[in-house]
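Lettered A, B and C in written order, each chain numbered from 1.
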Amino acid sequence: MTAFRLHHLLWLVPLLVVLVFLPSFTTTFITYLLSLICIYVIVALGINILTGYTGQMSVGHAGFLAIGAYTSARLITDLGAPFWVGMLVAGLASGIVGFLLGIPALRLSGAYLSTATLGFGLAVEQILQNMDSVSGGRAGLSVPKPSLAGFVLDDRSYFYFVLAVTIVMSLLALSILRSSVGRAFIALRDSEIAAQAMGISLARYKTLAFTMSAFYTGIAGALFASLVRFLAPENFNMWLSIDFLTMIVIGGLASVLGSVIGGIFMVTVPYVLGELQDLSFILMGAALLVVLLFMPGGISAFLSRLLDLVTGRTTAKDIEQHVAKPMGQLGRLPEQSQSANAPASGTDLLGVKES
Amino acid sequence: MIAQQMVSGLAAGSLYALTALGLVLIFKNTDVVNFAQGDFGMVAAFVALMAISQFKVPFVLATLVAIVTTAILAVVVDRLTIRPMKNASMLSLMIATLGVYMILHGVAGAIWGRDTKAFPSPLPSDPVSVNGVVIGQGHLWILAFGFIISAVLFVFFRYTTAGLAMRATAEDRMAARLMGVNVSRIFALTWGVSGALAAVAGILLAPLVYLSPNMMSDVLVKAYAAAVLGGFGSLPGAIVGGLFIGVAENLAGEFISTELRTTFAFVLIVVVLAVRPTGVFGRRIQAKV
Amino acid sequence: MLKLSDVETSYGKIKALKGVSMEVPERSIVALLGANGAGKTTVLRTISGVVHPLNGTIELWGKRIDRVPAERIVGMGVAHVPEGRHVFAGLSVLENLKMGAYGRKDKSNIKGDLDRVTDYFPILGKRRSQPAGTLSGGEQQMLAISRALMARPKLLLLDEPSLGIAPKVITEIFSIIRTINVEEKTTILLVEQNAFLALAIAHYGATCSKLETSCFQAQLRSSSRVTR
């Protein structure tokens, strides 16, 4: 089984080039969108850790984004904290909340877990609406332009900052998920019972997944606050949580590349459709169904196979096979699904060779 | 005051219960957690409104048309999206219904617009006073219909062959097939009945709110909570859960804070789940491996 | 009455049957024996249409049934008591029995059949309104068999009715299986681990093994019909 192929990330090279040079040629609005894409990518990484890798569905991640955004905004406006300090504290605050939510969530799964997370997201929104001291009440909360080492960042420099954070967070996610931690996540997702039998602590890794996921989303929240520079609780509603979930499924579950693609998709499509909000709903829904029914592993897996084809590593027939097969276990990498029949596929994930 | 809150709580709770019943039915029989359940009700309300205002259909007939349309819609959704995903995990099925939810939302917005519309009701709605307790008649109607429908469902599941076959299929799909039950027909029936339940909830709610694609969002969320509280698998549990949440949030609104009532309801649920991870009425659900 | 020819069945990539051939003569009891994993359960599942064979044919009274789905097989007179009983745990004993008669057209005879099966297993009559999940293992096995009888099958497929049941109850169940065969003229294909028990009531014995491509079948006592 090839769990991961480096050359799949080749897709990111031209993307990066475009991202680095595009702001020089375009309007501030495009720059804004590019920053937003990066922020969504960080969120997607966060949710993917929880939902894609560990198999825990969250319908409340807008809550973590809100916690990150408001923590950072408050630190900056009230305490005059530097913007990057706000960001780190935001990540930590959100991570702590994620840890706390992870404890009752330990015993939950399926419908129960999704309800608990849904309730969490709604509660955060409602609490913010009622805590004028935090959210600024009706007037909302304005956030000053971010500044770094005494320099106020303009839109373009802020974008480069966000891009840098995104790259760091992506690499961090890659290295963690490729370590034994990531394999433990996947083992838990594929079978909690088998994973525990192999000595993987359910409590430790599930709460760790919640914490990491919340940390990522909290960081994204801080970046978001300084990008939009105006916060209102309604912006962190259930729909946003659903958008987040949608983007990782469309981009590709349990995949860093999938997170990147999902983030791009979720920002660009509604923007391109502009006023056509209903069409955007329909397209998103249809995209979800198409991916679930025909593209196991989302767009990223599809592109990877395409790249394999181009570089001659695989044949058209392989692709056909993959595309034709409706997705079975959600979140299972396409490479894994070939060995899905083998008992306890978790064993080789952990590097333990079956004799 | 308390009595008043109780009645409006029970009325809201009946709507949650009706929607939760549909959720639980679908889950029990087909292993799908259906996010689109609320939007089935929304579609029904719009169809009824369109029949009444555009085609001048009498109210009762319009309601029937809406219920049948929604039931068919639910069956079609099952056939086109859920059935083809045969061996998918619970998570993917859940997300698929999220896709359906978005599509229904978008389609409703495109056809009927996002501006809110009033829904006419032939039933009297002015408040009545019982022993000094002022009660909205709208609430009483909801309670009455909620009760009637629960009773009908009870009789259906207890005394009809189709009801028995549905319960048997929920218990053990393979054994039901060996008895001669056409499982895919049972699935269609399940989705149809659930769609009809959602339609009733939507039409009952419609006169109290304005119609919009979002009208059922709040009900769906609470119905979810109700289903979970009831153990996501028990029909009586869904009813009790729905009524409980309706009353609890109204009392919380009265005594704690109106704005935080949803939060309160969910804190309660997280506490309940922390103690009993399978809800109050729940049996242990075997994880699908 | 039932004839399997070169039946091959697989679960995904796992090939469970590699060409099984056997015959079940009318009114006989055929015991199908074999080690764990030999494919006995799969033979029954293939007959009752829960899984379909990749190759080979299954004929019931000369009619091909290997492509008929499970829910229609029972209407053709084949009832399958699956391994592990599979009673509807949340339904009452009576409701379980009613489910057994689900596909029947002659609804008026069902009442009488209910009495008839509870005559075989009186305990079920006493427990009629109790949820099936609360019955003991032996009682559940009795219920599973009775439920299948409610379909008035011509051919009864029994998969390890002795599984996890005390010897005394096993004896009771096996003597009733015998009675059903004699009194109701029901043909029985019986899968058993316990060869001694099974051969005691069977007219024919067949063995299934992973290594062989077909079930070896031998006549035990009766000489009326011969299969290979």
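Here is the rule we go by: a residue touches a chain if its C-beta (ideal position, glycine included) is under 8 Å from a C-beta of that chain, and two chains touch if they have at least 3 such contacts.
Keep in mind the model is a prediction, meaning the values are calculated, not measured.
Mean of the CA atoms for each chain, then the mean for all of them together: which chain is nearest?
Central chain: B.
In terms of CA centroid distance, which chain is the most far removed from subunit B?
When every chain centre is compared against subunit B, the largest gap points to C.
Which pair, B-C or A-B, has more C-beta contacts?
A-B
Starting from the mean Cα coordinates of subunit A and subunit C, work out the distance between those two points in Å.
52
State, to the nearest whole Å, the distance from the C-alpha centre of subunit B to the C-alpha centre of subunit C.
That pair's centroid distance is 41 Å.
In whole angstrom, how far does the Cα centroid of subunit A sit from the Cα centroid of subunit B?
The mean C-alpha positions of subunit A and subunit B differ by 31 Å.
Along subunit C, where are the residues that touch subunit B in the complex?
Answer in residue numbers: 48, 50, 69-72, 74-75, 79-80, 82, 86-91, 95, 98-100, 102-103, 147, 151.
Per the contact definition, I'd like the list of subunit B residues that touch subunit A in the complex.
It is residues 27, 33, 81, 84-92, 94-96, 98-107, 109-110, 114, 217, 221, 224-225, 227-228, 232, 257, 259-260, 262-263, 265-267, 269-270, 273-274, 277-279, 285, 287, 289 of subunit B that touch subunit A.
Where on subunit B is subunit C touching in the complex?
For this pair, the touching residues of subunit B are 161, 164-165, 167-168, 170-172, 174-183.
Subunit B touches which residues of subunit A in the complex?
For this pair, the touching residues of subunit A are 51, 55, 57, 104, 107-112, 114-116, 118-120, 122-123, 126-127, 129-130, 191-193, 238, 242, 245-246, 249, 277-289, 292-293, 326-331.
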